[in-house]
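Both complexes shown next keep chain A, but they swap its partner, so chain B is in the first and chain C is in the second.
== the complex of A and B ==
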């Protein structure tokens, strides 16, 4: 349960809100690189943290992210002409470079001087791996570029998809750190999904349906360990990292790629799930990438606007027969849609004053506490964690350990990302 | 991927049901009584934390201190009571440990709760310390463990679970 004012604090991320200010201390995914595939390609509308922006890639390959609307009359620059190192409004020809600076106002006699006085608000945007990250905060507080392992591995070792989720970002995030739902909602997928099946860990998962949980406070966020009985004197541990404010990873299975998510607020009632798979030591195979594109694993099959083909307008293609047969627990196909269908069913912003949390929700309770404290501390001038490279070089881990061993000790350096180091998996 | 699925015909129930407007029609009624949570301190420092929490307003939560072998509890008023009677109506037991003392009591509490189907949670109140006796002694007996927990984690947990 949360009080109304705390629920509002955590769910509102627009400019000037405490949580919005917290988010504006982090580089966030705002586009897939494929959305701006070449120089002078069409511009793309971006809505993030309740701000309407336009993104483009100029003739020199530079990325721009700025106010969507022309300073002159407020027309959308989505209609703009992307040409000769700038985006030109087709209404009266005003042209802007990637920093939002006007570089040509052809209707003005004093073109040069007037141009210098016109600048749209803009934000830095960079390509890392197959994702474009942007920083929407105070330039004086801009952190180093993110060093998530998925976006530092060599080309061919990462695949990222994005999916519209039609609910507040916190509902989606909480699904990412809620290990106790996996046994139920996703239980049918462990041996059928090509990106999960065949691991020894799956046997442990299915052999112990009542895991124990340890929620470990660490500097960048939380480590949520789920332990199940393995052999007589060992436990099977699955360790999920959450890094403030919106990054989660899923523990690996066998030699499959490792996956995770960024839950990025679009506005207070919608978010993007940026879902990645990467392998730290090898290229993804064609078969794996094909499965990811087809919506397997943590991905979904989407339309051209990245809205899942199975969505609330078609009842997520609910299949009651598959539910009855036990092929899927909820009747919805695919892990991503199994999650989002239920999270969207809670409403755009769930009323957390009505919920009945239990002790196994301790990870969610602790994450909310850390988010609230971080947002309020920032109001007092205390800078947050999670935006530093040392917080981001984290891995999820699956490992069998002696029963008497603390998982934080047992996994040791396995949770620390290092180039070329195999991941620790079962 | 989508072959052979039974696609619903007619207006989608999910699209209509998930709007903010529809959320306003959810039945609004008082929630049932709070959880019957029992909070047990296992050493002197933990007792201070538990006592501070007990002074806040709670629903059905009750607060105690115990030591080995854990068959008896001491209330915040200093009354000694039998464990079995105090947890008979409980559905959650929270163990709080700082020093890791009274491991036998933890084991006894865990065993009784296991046999009676009562959820157990453990808070290893060892700020900054990821490896402690409190952690090692609580781990086998707590289905959920917070490591390392801070004093306000107890209040947060109880508040969030409507204790």
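== the complex of A and C ==
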């Protein structure tokens, strides 16, 4: 259970809120690169941390992210003309460059002087891999560009998708750090999903329904170890890193690409799941990428606005027969939708005063506490962790260890990301 | 048998005979002490067995462990200097007479 004030503290991320200010110390995914595919392409609306913004790519290939609404009388620049290195409001022709600076106010006689005085709020946005990351905080506090391994591997080794999730970001994050649901909710997919099946770890996963959890602090957040029985004298450990505030990685299976998520608040009742799959030492195969595009693994099949085709309006295409046959545990197809269907079913912001936490929720309890402490400390001027490159060079790990060995000792440096180093997987 | 005294928020005292080795939470549950819930069964996961240890016993009882410390921050009643989770206090002969206050709300 969580008291009401703390639930509000953790779930509200608009401007000026403690958690909103914390989020504004991190580069966050705001678009897939495919959404701004070429110079002078149509601008795209971005809502993130309860701010309404417009993103565009100018004639020179520069990315802009700024207030969605024209400084003049508030028309949405989504209708704008993206041309000649700027986005022009079609109402009266006011034009802005990628920094939000007005560069032409053709409706006014004193164009030059007035124009120089008009500037929209804007934020830096950069392309890393196949994702556009933005920083919405104080420019004086801007951290270095993120160095997540997924976005530093050579081209062809990463694939990212995004999916609308119609609930608060924390509900989605908490699913990402709770390994105990995998055996139940995703049990059927461990055998059938092309991006999961065929690993020895899956057998251990399915063979032990009662994982033991051990949560260990590390510089950028937590390492959440889930222990299941392996052989007579060994345990199968799945180690999930959580990096503040909203990055999680799933432990790998066999030689499959390894995946993870950013749970990015849109507003307090919606978030984007940015879901990536990368391989540290090889290109993704055509077959793998095709499966990802088709919504397998941690991805989903979506409409043009990145809302899953199976959603709350059609009961996620519930298949009671598949549920009965045991093909899927919940009757919902696909790992991503199995998660989001249940997380959305809790309501936009779940009332955590009513929950009943148990021992397998240890990771969730520790993560909430770290978030709370980081948000409160920031108000006192203490800079957060997780936005430093050294915190981000982290990997998930799956490993079989002797029963007497602590998992942090057993995995050693396996959780540190290094270019070209194979991942530690079972 | 060591005794444990639970003082409710209304001032009502309940004196319980506890077994050595059992927890302040389970002794309360076994004897129907109001205000102690122990939802997670003593797994240090839910913060519904919050008690405030009377100062004269606080040194003998000691402070919270790491997870317990986090839970005390997140639970529904404001923690105090001597707040503990009852499930994390094992009763010993030395703790005979241990007196704890039970907050008005646990969930």
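Criterion: the second predicted complex is superposed on the first by the 426 of 426 C-alpha atoms of A that agree within 3 Å, B and C clash if a C-alpha of one lies under 4 Å from a C-alpha of the other, contacts with A are read in each partner's own complex, and residues count from 1 in each chain.
By our rule, contacts are C-beta pairs under 8 Å (C-beta built on N, C-alpha and C of every residue); 3 or more make two chains touch, one makes a residue touch a chain.
In this text, all values refer to a predicted model and were calculated from it rather than measured experimentally.
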item: Chain A as common anchor, with chain B and chain C clashing or fitting; value: clash
item: First (chain B), second (chain C), both or neither touched by A:1; value: both
item: Touched partner set for A:289, first chain B, second chain C, both or neither; value: neither
item: Which partner, chain B or chain C, touches more chain A residues; value: B
item: Touched partner set for A:369, first chain B, second chain C, both or neither; value: both
item: Touched partner set for A:361, first chain B, second chain C, both or neither; value: both
item: Which of chain B and chain C A:400 touches, first, second, both or neither; value: neither
item: Which of chain B and chain C A:315 touches, first, second, both or neither; value: first
item: Intersection of the chain A residues that touch chain B with those that touch chain C; value: 1-2, 215, 354, 356-359, 361-362, 365-366, 368-369
item: Contacting residues of chain B [partner chain A, same complex]; value: 1-2, 5-8, 12-15, 17-20, 22-23, 26, 31, 92, 94, 119-121, 130-131, 135-136, 139-140, 142-150, 152-153, 156-157, 159-162
item: Complex interface listing, chain A residues touching chain B; value: 1-2, 166-167, 210, 212-217, 269, 294-295, 301, 309-310, 312-322, 333-334, 341, 344-345, 347-349, 351, 354, 356-362, 365-366, 368-369, 403-404, 406, 408-409
item: Chain C to chain A touching residues, read off their complex; value: 39-41, 43-48, 67, 70-71, 73-76, 107
item: Residues on chain A engaged by chain C in the complex (per definition of touch); value: 1-3, 6, 215, 353-354, 356-359, 361-362, 365-366, 368-369, 372
